[in-house]
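Here subunit A shows up in two complexes: once beside subunit B, once beside subunit C.
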Partner chain A sequence: MTGLFSFWRKGSVRSLFYQWGLVFALSFGIFFVINTAKENLERLGIKTGFGFLSDEAGFAISQSIFDYSTASSNWDAIVVTFANTIILSVIAGLFATFFGFFVAMARLSGNFLLRKSGEVYVEIFRNIPLLLQLFFWYFAALKMLPDKRQSVNFFDVAYLNIEGFMSPTPVFEAGSDAIFWSILIAFLLAITIWFWATRRQTNTGEPFPALTVGIGLIFALPLIVLWLLDFPVTWDIPKFGRFNFEGGMALQPEFVAMLFGLTLYNSAFIGEILRAGILSVDKGQREAAGSIGLSQIQTYRKIIVPQAMRLIIPPLTNQYLNLAKSTALAGAIGYADLFWAVNGAMTTQTSQTIELQAIILVSYLGISFFIATVMAIYNYYTKIPGK
Partner chain B sequence: MDPVNRIFHEEQPPPVRTTGLLAWSKENLFSSWFNIVISILLFWIIYQFVAFVLSWGLINAVWFGETAQACPDSSGACWAFITSRWRLFVYGLYPNDLYWRVNVVYVLAAITIASFVWSFGKSTMRIRMTMFIGFPIAAYIFLIGGFWGLKYITPENFGGLLLTLTIATSGIFGSIPLGLILMLGRTSDLKIYSKVCTVFIEFWRGVPHIVVIVMFVALLPLFVPGGGKVDIVVRAFIAFAAFNSAYMAEVFRGGLQSIPKGQFEASRAIGLSYWKMMGYIILPQAIRNSIPALVNTCISIFKETTIVLLVGFSDFLGIIHLSLETPDWLGPPHISTSGYVFAAMIYFVFTFGMSKYSKRLENRSNVDN
Partner chain C sequence: MKFLNSKIGRLTVMSAAIASLGIMATVAKADRLADVKKAGVLHCGVVPGLPGYGFINKEGKMVGFDIDLCHAIGAAVLGDAKKIKTTKMSLPVAFNAMKAGSVDVVTHRFTWTFGRDVGTGLDFTRVMVFDGQGFMVRKKLGVTSGKQLDGATFCFSSGATTEGNVADFAAANGMKYKAVTFGSMGESQKAYNAGRCDVFTTDKFGLGARRTSMTNPSEHMILPETISNEPISPMVPHGDQVWKDIVVWTLNALIAAEEHGITSKNIDDMRDNSKNPFVQRMLGKTGKFGNKIGLGKDWAYNAIKAVGNYGEIWERNLGKDGLGMPRGKNTLHTKGGLLISPPFR
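On to the complex of A and B.
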């Protein structure tokens, strides 16, 4: 079978041909697309480049943790709204995990009513689209709250009304830096004790209540410092003035609705993930733990949870990724997140769509990459040795 | 001597009942103090909840009316909002006199679903494949038309439930073949193919879906010559198929990884080429294994269709949302509540049905193994 095309019968030659073919096709495609974009931009007279970032933004942002006004630059607006996205993701993630834990407990309970209630909760909240839930909280549920003159009063320090949740804010006076430092030091100490206790237990077998001591330290040290410094922190309590609330901090209804929606929706998923992880641990493990005399709590802490964690972490990571990505829906109800600012006001003002979309893509890919990396590191340290 | 042992045993209590309502409730509701408290509390909450739902949704509800004035009382639901506008919610802006075409597609969809739920003996597989391939074609012919005497209707007239179902179906049917191709690329031995497909998949999975849709709708005309001529609804369809194919690829990859290595080695040993091995041996098993996960992905695709309202489409949720803001229905917030609760019920029927279906498939494949 020797002929003109005999070289074609060699697998390696064919594979090289196919791969270079793809490279050429892709390069051509990318070149073509970029070229078209360039022509179109020139034809439409749209500026290119990132110079617009230092221009004045000119639109207001309703929630910002940094100093921001309409005179700030576009770059400042991006930073502020990106921070809002992160704040929302982190708080909603914490809440959803917390509630998800209780959902899992309810679903695993021996009590029939509790188990069924958990099931109904999960089925309802995970089967209804998130956007619909957000609309419900923002446009229906929160709109039923009373007017600001008839606010729901929480012990004269916090108020709930249609304009949001007014809560007191701490005011830090001179010397309060020491509190932050003491919290940091307490955390570092707790981690050091944890490492030391683990090493000692693996070497000598002697246990040490590292968790209790650590948590105690994190609470006690800042309190002692506070007491030594004669409490340099006071509270700014909201008060109803003539027309409006003054002082304190207002959690906007947009933020509250986002928090409600994201927490309930994701807690249903997280509850199922935790439950599946715990159920995946073999029954024999539980029985063996009981037979060597471990208590119920010890069985969970030392036997079930460490093994369940390995199965829980990958889907849980995915859920956190989903949560962070779904914060982009915030614009639908007017919460000032990154996507709302860049895709809305900034696009209409600068019309530099390509650069702005690139900024959005890079930011969200960055968040996804960060979460994936943290979880990969965690996975590396908790995987079964030798597997 | 009497050989019989005359020691009398004391009377024993009857054995504890292990069946029946009383025994069941003792074990499942009142086994400990904690459980007793929880059970009573839950009984009370459920009673309150059911009573509220009945009085709000049925007894005090207003069923008919043309404007928000029909429902001044917030103690009951305002179903009048739904009954006076249901045509808009179901058919969108589809021409009134052509509703029958939509109805035909709805009936075909119901038959397709039925063919996947019930089994028909030997010809089950053939019927399912026919419906799976035939339904999208039939739906296109009837909904858009433009030939055989059927008047052409642009997709821009789609709305309400019709648009939601169209986007969901085209997203599902478009992303399955694309996902298979991507999965084959990612698991390929050809390094460059695998790298390109991995980057493609991870990119789509890393960005919010709403960003992708906005990108396609706003940027397609800039990057592709003639992209501005593509119908805006079609652009959304393409975006949907594009990012969902990445999720589908991962679903199929999961199915592929569950195939034992021996299957690959055996097919190679009897001299099958890569495509024959994949087509006859590996993919049929891999796809079968990934069906439960595939249905779960379909559920999220269905829920995700709601985001198209953010780029200006009036899908089912979008049209209800818009209707609530028309002057006729602008009113107290309990009207919005009724609208969203109705929308939630409709979405729930679809997604819950799909999730039950996937559970059934999972249980059945467990029995098989």
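On to the complex of A and C.
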């Protein structure tokens, strides 16, 4: 190196150069991709933009919690199927965690049979591709469910057949607002009691069954209000028409098969995550808890679980993210999720591929980001203070 | 060269390399005929699983009407019907692959519609099958017309024109219906077969093909209504007129061959002895038609020699040697059908 390039020997100058070099290379790469896409679109005569979102969707959706018909817009279809994706993710997440807990308990059990069953369960469900499991559960369900004209009748109000489980829906009449208010009030009361109980236990050491009381309150208060108002609710009961049951609501086999498949598959992973977390707590902690007279359940609740949680949260977050993303397989067995609607019918009907792929990307990114944020907040509050 | 050995240095070089590769890749897309000739293989997108059209036979080979069209184009362009590569795709994937130009031609049964043709980056070539959507139901339902299907559940497969047609049909007749839409036709059919839906719907020739693979074909019937026009046409990428001409005129040649009585068996005799100037021009005995579209003078001869004329392709796959379906409107205009080739003049 001559004197002219002596600045090059300075580490900070060099690293600055490399970093900016990388930034330029990446920016050029991104610019290049966008520019090529633009040129290709122009060459092919494809019009871009999001105007198509207000056009008529023109396809039916089997399950929607909002009003939707084939005359609704593409945007409505996206909202409805996005809601379907969220509903499936949340319920499957809860179920998978619940079952995963039992899987972990079984695998940690002293009982040989239980322990081995847990092991077999985990090895089977986590090693078979999810899509195969979904097909299996779906077509198994269709094989088992009775034909539409031989429905299983539950007291003339609910029916089970190959279309799913049809049950009555409540129709709220005048004055029924009070029910929603009573539920809200019950929730607020329950939370207040919980805070009070925690403080009392910290101050005096006396425990209070806040959870039991809270849950009781949430159920009891609305019921009392209902009774006082003389039940201002009627029921829309499903009735058999020419081909199908009409009215009421239906729990469809597509949803149930998705829920089943996602729950079993993910609970195998979650079970292992929980087991690893629990095993990571030092044996001495358990023995110490025993020596001060805590029961088995108290030991788990107050000593083991809080410490295990710190190790469980990060991998559990990953598992939830996987679960939410794998709901995109739903279209294969006819459950109307976001990916199904946008990537299928909407792509071939509007051919706004780039915009639609962007919508899918942003939606799943949003869901994942939300899950990660919630878990990070939870992690923050459960970490060891100062660590 | 310490820079190149450092982590950041390597990353920078790699990014630059990837970017420049991308430039080269996009420059090469302009002339598809040259690309296909250079590759020595015609790349067709097909959607498998439909008997008669595109499916894997007992010997494990992809065969069917769609596949024969691919063979014909391959023979016309490369002189050898075997020089094709078929990539199996789902419906939406085939559609996107065509737009992106990652296959040379899609011969699957895609319906030619305004929305798919205009501003989408792909072109339809010529109608090879005139079909229309129909309904299949179980006989025990006692339904005799599509208009009696108010309140019924339909099984669909995602991304086809079938959903829109049923929506229009239902709106026109004041009907309500439920839909279960699957990722592929195969799952949709399986679900109908299991009893999940009252109605299975797709194009009528497709229904006829699929009825043969139900658990008990005699339990099912196809309703008389035809609720849509489904002109089925192979697709090519938009913007390469030379390539489009080649595909269109190869397909035309198959139909013209039937009209002039040229078959895969008598084609050599016809080329050498026919006095018909159309035949002479088409088969390359006179004129320079092949050269004009950038191919050898034997292009049409090769295509017909390889797979036969339209009638032969139909009978082998869909007609008496295949699924046993009648040709319906898919006969020559001289016999009251809709098939006509612009003249080879």
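By definition in this document, the second predicted complex is superposed on the first by the 357 of 387 C-alpha atoms of A that agree within 3 Å, B and C clash if a C-alpha of one lies under 4 Å from a C-alpha of the other, contacts with A are read in each partner's own complex, and residues count from 1 in each chain.
The criterion applied here is as follows: contacts are C-beta pairs under 8 Å (C-beta built on N, C-alpha and C of every residue); 3 or more make two chains touch, one makes a residue touch a chain.
The shown structure was predicted, so the numbers you read here are calculated from the model rather than taken from an experiment.
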- [ ] May I ask you to decide whether A:Leu26 touches subunit B, subunit C, both, or neither, giving the answer as first, second, both or neither?
- [x] both
Open item on the list: Just checking: does A:Thr192 make contact with subunit B only, subunit C only, both, or neither of them? Give me first, second, both or neither.
Closed with: neither
Open item on the list: Applying the document's definition of touch, where does A:Tyr18 land relative to subunit B and subunit C: first, second, both, or neither?
Closed with: both
- [ ] Applying the touch criterion given at the start, work out whether A:Thr169 contacts subunit B, subunit C, both or neither, answering first, second, both or neither.
- [x] neither
TODO: Could you say whether A:Gly45 touches subunit B, subunit C, both of them, or neither, answering first, second, both or neither?
DONE: second
- [ ] Kindly classify A:Thr373 by the partners it touches after superposition: subunit B alone (first), subunit C alone (second), both, or neither?
- [x] neither
Task: subunit B versus subunit C as contact partner of A:Ile354, first or second or both or neither - done: first
Open item on the list: After the superposition on A, what does A:Met144 contact: first (subunit B), second (subunit C), both or neither?
Closed with: first
Open item on the list: According to the stated criteria, A:Asn153 is in contact with first (subunit B), second (subunit C), both, or neither; which is it?
Closed with: neither
Task: Set of subunit A residues, in rising order, touched by both subunit B and subunit C - done: 15, 18-19, 22, 26, 33, 36, 40-41, 135, 139, 143, 331-332, 343, 353
TODO: Under the touch definition given earlier, write down the residues of subunit A that touch subunit B in their complex.
DONE: 15, 18-19, 22-23, 26, 33, 36-37, 40-41, 110-114, 117, 123-124, 127-133, 135-136, 139-141, 143-144, 321, 325-329, 331-332, 339, 343, 353-354, 357, 360-361, 364-365, 368-369
Open item on the list: Using the touch definition from the top, list the residues of subunit A that touch subunit C in their complex.
Closed with: 15, 18-19, 21-22, 25-26, 28-29, 32-33, 36, 39-41, 43-47, 58-62, 70-71, 135, 139, 142-143, 147-148, 162-163, 241-244, 246, 252-254, 331-334, 336, 340, 343-345, 347-351, 353
Open item on the list: If we count contacts the way the header does, which residues on subunit B are in touch with subunit A in the complex?
Closed with: 28-29, 31, 35, 38-39, 42-43, 46, 74, 189-193, 196, 203, 205-211, 214-215, 218-219, 221-225, 299, 303-307, 309-310, 317, 321, 324, 333-334, 336-337, 339-341, 343-344, 347-348, 351-352, 355
TODO: Going by the contact rule at the top, pick out the subunit C residues touching subunit A in the complex.
DONE: 3, 6, 8-9, 11-12, 15-16, 18-19, 22-23, 26, 91-92, 95-96, 99, 115-116, 119-122, 141, 148-156, 158-160, 163-164, 166-167, 170-171, 177-184, 187-188, 190-191, 194-196, 198, 237-239
